[in-house]
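Heads up, the next two complexes both have subunit A, just with different partners, subunit B and then subunit C.
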Partner chain A sequence: MEKIAKIISCKDITKVFDTGETKTHALRGVSCDIAEGEFVAIMGPSGSGKSTLMHVLSFLDRATEGGYFFRGKDTKDFDEEKLAFIRNQEIGFVFQSFNLMQRVSVFENVELPLLYDFYTKTTQNKEDKKTNKDRVMNALKSVSMEHRLHHMPSQLSGGEKQRVAIARALINNPKIIFADEPTGNLDSKSGLQVMHVLEGLNKQGHTIILVTHESRTAEHAQRILRIVDGKIVDDKRVHNQRSVDTDNILK
Partner chain B sequence: MWSNIKLAVFLAIKTILRGDKGSLILTVLIMLVVFLNLLFVDAVFKGISTTMDEGKINYQYGEVTIEPRPGDKYIKNTNDVIDAIQDFYYVRSIATHLRTSATLKNDKYNDGRDVAQFGAGVVGIDPEIENDSIDLKSHIIEGKCLEKGDYGKALLGADIAGGYGSSPFPEDLEGVRTGDKITAIYGNDVVRDYEIVGIYKTKNFDTDSKMFVLQDDLNSVLGTTNESSEIIVRLTDKHLSQKALDDFAKINLSNYEISDWNEKLSFGATINKSFDMIGSILRIIGSFVAGLVIFIIIFVDIVNRRKQIGILKAIGIPESAIMQSYIIRGMFYTVLGIILGFLLMNFGVIGFFRGHPIDFPMGDMVPVIKREALRMSVILFVVAGLIGSLIPAIKEVRKKILTLMR
Partner chain C sequence: MQNFLAAKMRTFLTIIGVVIGIAAVMVVMSVGTSAQNMILDQIRNVGSDLVAILPGAADDDGPPASTYGIVVTTMKNGDLEALRKKSNVPHAVAVSGYVSGNNVVQYKSYDKSLTFQGVSADMLDVEGSNIAFGRFFTSAEDESLARVVVLGAKIAKDIFDNEDMLGKKIKIGSQSFRVVGIMEERGATFAANYDESIYIPLQTAQKNILGIDYLNFIRMKVDDEKNVEQTKDDVRTVLRSRHDIADDEGDDFSVRNIASALSMVNNVTNIMKYFLTAVASISLIVGGIGVMNIMFIALSKRVREIGLRKAVGARRRDIMWQFLFESMIIALIGGFIGFFVGLFVIWLAWVAAMQYDIEWDMIITMQMAYVSLIITLVIGLLFGIYPARKASRISPMEALRYE
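Take a look at the complex of A and B:
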């Protein structure tokens, strides 16, 4: 049997928010492994700790205690620069509130993660610029947003904004895409379009970690981690994995 | 930390270009005004001290003054001294003065009932060479300058004559005009009458409280020949005065007291020191204000863009690049403020005052920007801008991504 590499492995992760007066235990000893290429949904009610877990796993925040191994390496000693590099090169983010830069165009929003690579090189040439442009165009094509290239985020619908956010998440061809309630602010049709894009990305080999409180959305994943009060209470495979009916979303 | 500088420059440029143009103009305008203020106050102080210094040099001492040693009354063999120094390439002109004092009397109605008097310095000059050294000719406010052969005639300072504007002296000759006759009673009891041929005003009160007569006239009063009280040496550049002192020391002028304008300006030097001190304090305060302005601008900007900073950090733009981009922006405002402030000061404000000098009692004052003061102001301004942008950048950008994105 082929051994699938673990991309994420965490052991007894705890996260405590300490305001000085009160301590809130958001995660209470979470352990899980996620393999490369998996589509995992983290599900739970509001305040259960699902977003906190995603933040810790995606290096937006640090665990208070516990071990977190990313691609087999202990992340304890990763400094800020290293974490920024991982977020840039190996991780893509899709947020519920899209988090696009308001003052720059769709093209520039998608191009943003490329800048790190582009400007930290010793020299920048025209070829690199052209390659970057092609990559942005391809990313936008993959979410069917190439026609909105020069639009500003304020000129887009919610679903379009989220697709631009997905294009931005894809631009560096990351191993993992973290999607935090990506359909939460969208109407059902736009939500299905977004889930369709995520399904497609997973089929292309991207690991998708989806945070949601909706069972129907979670059922698009291959595996669901249920989290309650900061603990994983259930970890099960989805037997009847949902798939977006493309006919439906084209109507 | 600086490996991300190109990325930081890109982010800074984008933010400046995409930002609100009105805010940008306002910010640069504030920086311009703060820097202009910094330069202006200093330039006014420098202008006052320069006016005083130039007044002393141009109308009193020249760049180098040769005087008798203490105990000697006159420079003997004046012509020999002139011959010895006149060929140095930097010597522009030489004038000899014979000085004494006298009580001047103005019998207003020629009947002895109303006589105004004033104790004044009397200077004997050779009009043919005097104007190349002490330019009284262009400061005649009434009448004309002394000319060769004007025996029994005198040129009178406005502060003595009276009635020619403000004077630092409580008394004067109460309105002497061209053509009037005044009487000079010298210390050796010689009494001479002089017809006033002209009134001058240089605004250097030491000069404006003197009466100039022909040297031959004064020789006959004092019984001197080929002697002088001082030799005024004008140079092509005042900064060559030390070289002149060194050269003159080598040609055996040791019987005389030779000093340059620096030594003669001891009073002015004290004022200059005080002005420098006040200027430095104002410069520090101005720089502090500039730093504070930059701090507020960058801080407000960062607070308004917190979410964007969070997004940038989330997608892997290094913290250091974002911080540097804010520092670059702060520097952009600062440097633009400096350049525009300097241009406005140099070509606008000083240009205006060149056409319309400020009327100070010691002369017409034009603000002066000294290179050293400018360099110090620029350095302080840049440091203030750097600190002013660095503090909010470090304070805010280092916050957790989730805090920024909230």
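Take a look at the complex of A and C:
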């Protein structure tokens, strides 16, 4: 196997939630490497720590102990500014419950990360609005949602909401996309459409880390990590990687 | 924007403190100044060369008890005579005693209970008033308890309408008085409405109607403003010797001039200003707490949204400014409403002054708008900062788990 840059590398990560009386050991020493461009599925029973691991890896939360190296750099010294930068530029997160803002349109939902993009030169000039619009349109096109630009989230189906959420996650063209049970709230057809989008993104070179309960969904990935009780118990390659039959889902 | 428009009713109720506070600030700035201007104007109108002698001792700043309507009977006509003597008070050019009472005034179908004043013939010179028709009564008429009356311009019109009034007799109580003169129109001050005055000779009032031997107060015109202090000393000397008073501790009278009246009035208006400023401050604090409360409600409703914003790259200060911006907008809405409420109250004060014929300038300056704006923004910032800080410190993971 050729040497590919490790985008994520963690050693003995633990996470303890201390709520006063009780201490929950959500992660009990997780070590893993993920290479750039990989499509990894994480599976495991409910409460096993999948979401916790995703949050730590995506900088939404910090590990209690252990080393986390992101693109070769120790994340221990990352300050608030650096974390904001990574969340904005390097990472996209797709949630099981979509997390769209109900009061604003699809356009504004997808545009949200651009409001916090203080790093790309194009957003600093006068053409802001126009380039933002182009970028939002492109993101929506890549999830086939451009026709719903001015809809409100409440007017969309679950599958459509999730595709809008994916558009939001990829608007800043992040290296890694984290998806925590993105198909969990969807029927199988909508779920397949979402998986199709993620496959496409992976083919374009995005690293995808996906949490799922369903083995059929996990088999779209190249590699499956199994996690039980806060520990990785299995790490294997998928031999017959599944791929969405596009004729089927797009009718 | 929709976040707080949705809750606008509750928002309005909670920011009412800001509304009242800003309105009070406006009123302090405008009505306080107007009132002071008016009082200064009127004092100037009465004259800065007047000295007033009131019965009863005075506190340092406050007026003597007699001004509150408590009857002090220590000042007699003999005091008035003594003060009139050139050898006693050389700079006095005119001196008048004053008493007043209420009685029914009748003429044909006119029948009303009115206030009349008993004054010396010198009153005209003391107060600088003028006669429009006829004449004022004389010292001889005062001495002889003549039943003559001089009427203010407005009251004369009320009683006689357009009739020729000189020489006519009106009844004050059970006695008839002959009208000998009508005063020129002069307008009202906070202390007196000249045009509604009814003047009769001092001693006639004391002996024939009121049955008293004392004076309510004495006013004296001094030949020159620069002799006012000297004259006050002279008056004290005369009255102390007449009343057998050894030192100023035992004074049973007080001597004032415009300057002392002015500082007294200033004290009163300043107290009003302090009171309104306190009301404004308390309201603004209450309003600020209201703003803070609204922001905490907004915060609890938007925990997930904040988590999301952070998850897509919002920094602490971005969330902080988002909240501060909103708290300032909310405060501004209150300040805006308060500004207009304040203008309305200022206008009402002017209308009320007009009703009473009081000269009153309505003072509205750009400074009021600036001050209101700045106070409002400071309130929004000050009371928004705590919720904003809290919002900015929410952990994205915790926020996104929040139900």
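In this text, the second predicted complex is superposed on the first by the 240 of 251 C-alpha atoms of A that agree within 3 Å, B and C clash if a C-alpha of one lies under 4 Å from a C-alpha of the other, contacts with A are read in each partner's own complex, and residues count from 1 in each chain.
Going forward, a contact is a pair of C-beta atoms (placed from the backbone, for glycine too) under 8 Å apart; a residue touches a chain by one contact, two chains touch by 3 or more.
On a predicted model such as this, the values are computed, not experimentally measured, just so you know.
S.K.: Check subunit A with both subunit B and subunit C modelled on it and let me know: fit or clash.
M.R.: clash
S.K.: For A:235, decide between first (touching subunit B), second (touching subunit C), both and neither.
M.R.: A:235: touches no partner chain.
S.K.: Is A:89 touching the first partner subunit B, the second partner subunit C, both, or neither of them?
M.R.: It touches subunit B and subunit C both.
S.K.: In the overlay, answer first, second, both or neither for which of subunit B and subunit C A:112 touches.
M.R.: After superposition on chain A, A:112 lies in contact with both partners, subunit B and subunit C.
S.K.: Considering only touches as defined above, state whether A:81 meets subunit B (first), subunit C (second), both or neither.
M.R.: A:81 sits against subunit B and subunit C alike.
S.K.: Show me the subunit A residues, by the header's touch rule, that subunit B contacts in one structure and subunit C contacts in the other.
M.R.: 55, 60-61, 80-81, 84-85, 87-89, 93, 99, 101, 103, 112-113, 115-116, 168
S.K.: Contact residues on subunit A for subunit C in the complex?
M.R.: Within the complex, subunit A touches subunit C at residues 55, 60-61, 80-81, 84-85, 87-89, 93, 95, 99, 101, 103, 112-113, 115-117, 168, 172.
S.K.: In their complex, what parts of subunit A are in touch with subunit B?
M.R.: Touch residues, subunit A against subunit B: 55, 60-61, 80-81, 84-89, 91, 93, 99-104, 112-113, 115-116, 119-120, 124, 168.
S.K.: Give every residue of subunit B touching subunit A within the complex, in rising order.
M.R.: Of all residues in subunit B, those touching subunit A are 3-4, 6-7, 10-11, 14, 18-19, 307-308, 310-321, 400-402, 405.
S.K.: In their complex, what parts of subunit C are in touch with subunit A?
M.R.: 2-3, 304-305, 308-316, 318, 395-397, 400
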